[in-house]
């Protein structure tokens, strides 16, 4: 059978490449994975892209397709969760008391707070709502360097351009030049969820087998190795 | 700019001072300029007629053009430049490639690139290129100006042969001597209009055309017939309406007709038949017309009638006074034969 | 290419057939080409010395250059072209702008763009541009080839004035007559080397220089001194070593010295003193040297000695035979005065 | 060799070369045509044409890619129509080539136009008097004279194609072996933790390829220049 | 006017114009210098220089932005040193201008180089014989003759600057009023569900600005051409 095609958020590349490798080792047709920004992939699927699975980095773009009836709702799963953390260059002396009344202004000094774009990049959106919830938003909202991706935000901190940044725990763990100053409490922001679903137009019979494998134990180990929390929760609709 | 003239085959010389409109005129003929008003007819074919809104584009005119500034193709070598138009022209008639390159002395240049050529070399290649395209009419804008006299003397007979092959030529030049023996008709331009036009012997003997006079090259052009050859002295005797003349040996059969220029300045007048002189050619005649006296100019032109033809002579006003010349005076005109074919 | 010659002020004419290396040579002098070996010295200043690895760049040489292809700046109008070098040259001496444009007849062109000019107009602007840069030496590569005879005749006296102002000129031309009265020295090039070089009267009377002979422009150049003026007939009488001569009226004081060209073809020989002729100037002398006979050429050259100077005469071999000329034969040379300053 | 590139990366390299070469070559004929029009003719809508040609430069590449998706996607305006006659761009390498061609087009056209404007038209006139019709004049005189511009334009377009990913990834996605070009692969690697090393490796390869193309073009151009000037 | 643009969008437009104009103008002098070297001189490392100039074209913009960050960031190789003499790029509009200048540089240099190569060197020789030293020759002859190339190169660089965001956003991020240029704003909008309308509006504005620049350049070029040919 023809290998299924997966449209996946770029941040999943490490884990999915591993999983695809072991999937192929079991004699199954190795899936082709197209990595790009979730919004790009969603719009391509809307235009008839030959994707069998869509693996989004946030709920919004999955909902976008669901509303247009372009995924099979019964196959949708919220597979992974992640958390966001406050980071600083590894030689930084910055200390921050995480919790309500959070104030980053002192730690920032004259510097900027690096984040993904607070309207477009998922990590940026989560970071903004956490700051709002904890009361630190007003103090920093004019001092944010919004990057085009969470990776770019990480880079800004890693290069010492910005004294503080907000990124995923998974990214922070992989960069030796930054240290985690604090982790945002899970209840301070909407659940950071990576949903996956089979597309409406998928004609590939192997798609559901691949989806099942993604929910299986081998995949779980691979996701966890990259720092994700595996939820594996079926969800029918978005809120 | 206004110009009206007719040229029926043969060579038409276009004279005029710098900036008088010669290049502009032949650009119109070649189709590189659209006239505001006017008509251009070639071989009975209407090429341009502004009233009928007709304009035949240059590439359909088959009019060869040797430009004042050569315009060789810099991306091609000399051979490819020469063959550019050859390939486009259908048919196999016309002059052969070998003849052309031999005559123009460009055989050693064939593999060279256009950019490395000397001024004279460029111009010779441009002449060859235009000829090889088998034109119905050839426009030549001062083609020989950059050449030395010897090279000119070699190329002129070749152009003569072209004329005899039936290719009409419109020839821009500053030197009457250059086209003297070539041209059938002369068109003299002044300030963008035609000052004089007509058969070469008529126009060249006119004393009133300022452009000719100022050219200091005035002269008369005579039609001649080959009478006899004298290979020992390398001379040919020809007969003109003005009388018999010796010219350098010609490769023409007895009976052939040709044209020769007798420059006004090459004629010496005397009242008595000269004796023991190196002037081979002496013609008897009488003064027919006296030119205008120009303040500050020591010379004047005089038109003689010798037999049935006119000669123009330029001489000093002082000589004129000393010899007491008037219309009707009988004179002997000594012409150095070497001047005939210059 | 090999060339060795010296030129000490005044005008040096560079002769030679197309492709003989004239442009190449003056490019070396102007600094546009680096010679493989050689030296160039101007006013005692070493401009190029390949052994000492010296090479003064062109902009520091102050050598004006009138190119064979004019090279006007297309982005400037005529006035700006003319003033290009003017602004760069320090000092206020030299010819005035107004004088130059007046003389060259380019006043009506000043506001025009270079691209719209006729061939002769371009060349005149190029001459003006080079002059106005106040050069120490002027290189001119066939500057007058594109001009009509009348315009040439106007510009030549101007160049003469430049020479008299002390600007040396290296002048490439195909026409001996053009530089006859201008040049002090002649360098004849053949196939990339110097065939003859020396004072103009010496070289021009040599019968062995093929390039001169083939130029059909051979002649002798005489040094003359103004003796008297005759404004009535617009003539000036000068005295040469060969005898007295009439030339067109000169604007030179009595006693001034000048040079005149007596073209070989403008001299008529006779064994007896001519009478009642239009030839004003008759010089007595004897045959000194006979040139070589060339198969197929009806003419031959003969060198006369008239007084203390040489004259070259070209006449037909037939006349030679008829007159029975030999070295030592006494003859009379009739020279049409109009030929002197052509 | 194979050691330092994964099969997917090899595929990306091969694909990038194919896409860049195809895009560059395919855009040459229309590029020459449009450059000629812009350089030589006056017509109604000329400014408009000029603008459209420049658009891919002005727009963020993502927007260009999005517009291509709307126009040439399976359900797009032209895409649907072209699909009927068998030309499919969407999510094929041909689409990547189209994206590259479009992105490189303004660079190509400008170089060509600049060269055409510099051609001495008196040489074209001379060719016409020798009997060459306008097409022959163009092929035998104009084209050889603008070869330096053709080479320059193609180098720019090729280099751009080797670096282009914004429009490509948006238009045809990033499917390994199908539409994943070298720059898309590099981009993906910059988006994941620990991807930098891989990104740098691929970047080096991309530089080497472009360097080779550039050197080749310089040699070609030198040959042409020698022919034109010596 | 103000109705259809938010204050942030106004700021983005103003900033884009500032950044594009500054980047283009600032890159002109070094662009002319390097184009001259590439067109006229032979020297060791010429191919290398040529390659470096083309690099921003070959590299994905994000990589270029990354390299700029490494070089000109606060702790970058040159950045740290420049900061000492008061020149700071990071998170400033000057950094955006630098990114645009770098991205447009290959386009500018190519256009200039092509024009310089087309200059008739015999005219430069003529100027030298008239006493002009090499600098005067360049300023009074070469430069006026390559004006069409200067204009073409600046148009390309300006247009590119109006569309560039990959390198800009990576290098100096996306700070409204400081480094958020029009294309950054557009990009952000394309990332938001339902952002298309806003993106299209900003895109239109960007097109209008570039169109105006293009028209102006064509008028200028026509004037220059008339001066050169008439």
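Labels A, B, C, D and E are assigned to the chains in the order they are written; within every chain, residues are numbered from 1.
By our rule, a residue touches a chain if its C-beta (ideal position, glycine included) is under 8 Å from a C-beta of that chain, and two chains touch if they have at least 3 such contacts.
Which protein is which chain? UniProt says B, C = Molybdate transport system ATP-binding protein; D, E = Molybdenum transport system permease.
Keep in mind that this is a model prediction, so the values were computed, not measured.
Traced through touching neighbours, the fewest hops from chain B to chain D number 1.
Greatest centre-to-centre distance from chain B is found for A, with centres as Cα means.
When C-beta pairs in contact are tallied for each pair of chains, B-C comes out on top. The chain with its Cα centre farthest from the Cα centre of chain C is A. Averaged C-alpha coordinates give centres for chain A and chain D that are 35 Å from one another. Rounded to whole angstrom units, the spacing between the C-alpha centres of chain C and chain E is 57. Centroids of chain B and chain C (each the mean of its C-alpha atoms) stand 25 Å apart.
Per-chain Cα centroids separate chain A from chain B by 90 Å. Looking at chain C, residues 69 sit in touch with two or more other chains. Looking at chain D, one finds that residues 62, 66, 187, 190 touch two or more other chains. Interfaces, counted as pairs of touching chains, are A-D, A-E, B-C, B-D, C-E, D-E. Per the touch definition, chain E reaches chain A in the complex via residues 62, 66, 69-70, 73-76, 90-91, 165-166, 169-170, 173-175, 180, 184, 187-193, 195.
Listing the residues of chain E that touch chain D in their complex gives 47, 50-51, 54-63, 66, 106-107, 110-111, 113-115, 117-118, 148-149, 152, 155-156, 159-160, 162-166, 183, 186-187, 190, 199, 203, 206-207, 210-211, 214-215, 218, 225.
Of all residues in chain C, only 16-19, 22-23, 68-69, 118-121, 124, 141-142, 145-151, 153, 174-175, 214-217, 230, 233-235, 246, 248-249, 265-266, 268-272, 274-280, 295-299, 313-321, 323, 334, 336-339, 342 touch chain B in the complex they form. Against chain E, the residues of chain A that register as touching in their complex are 37, 39, 60-61, 63-64, 112, 114, 117, 119-121, 144-148, 152, 155-156, 159-161.
Note for the complex: chain D touches chain B at residues 122-123, 125-134, 136-137, 140-141, 144-145, 147, 227-230.
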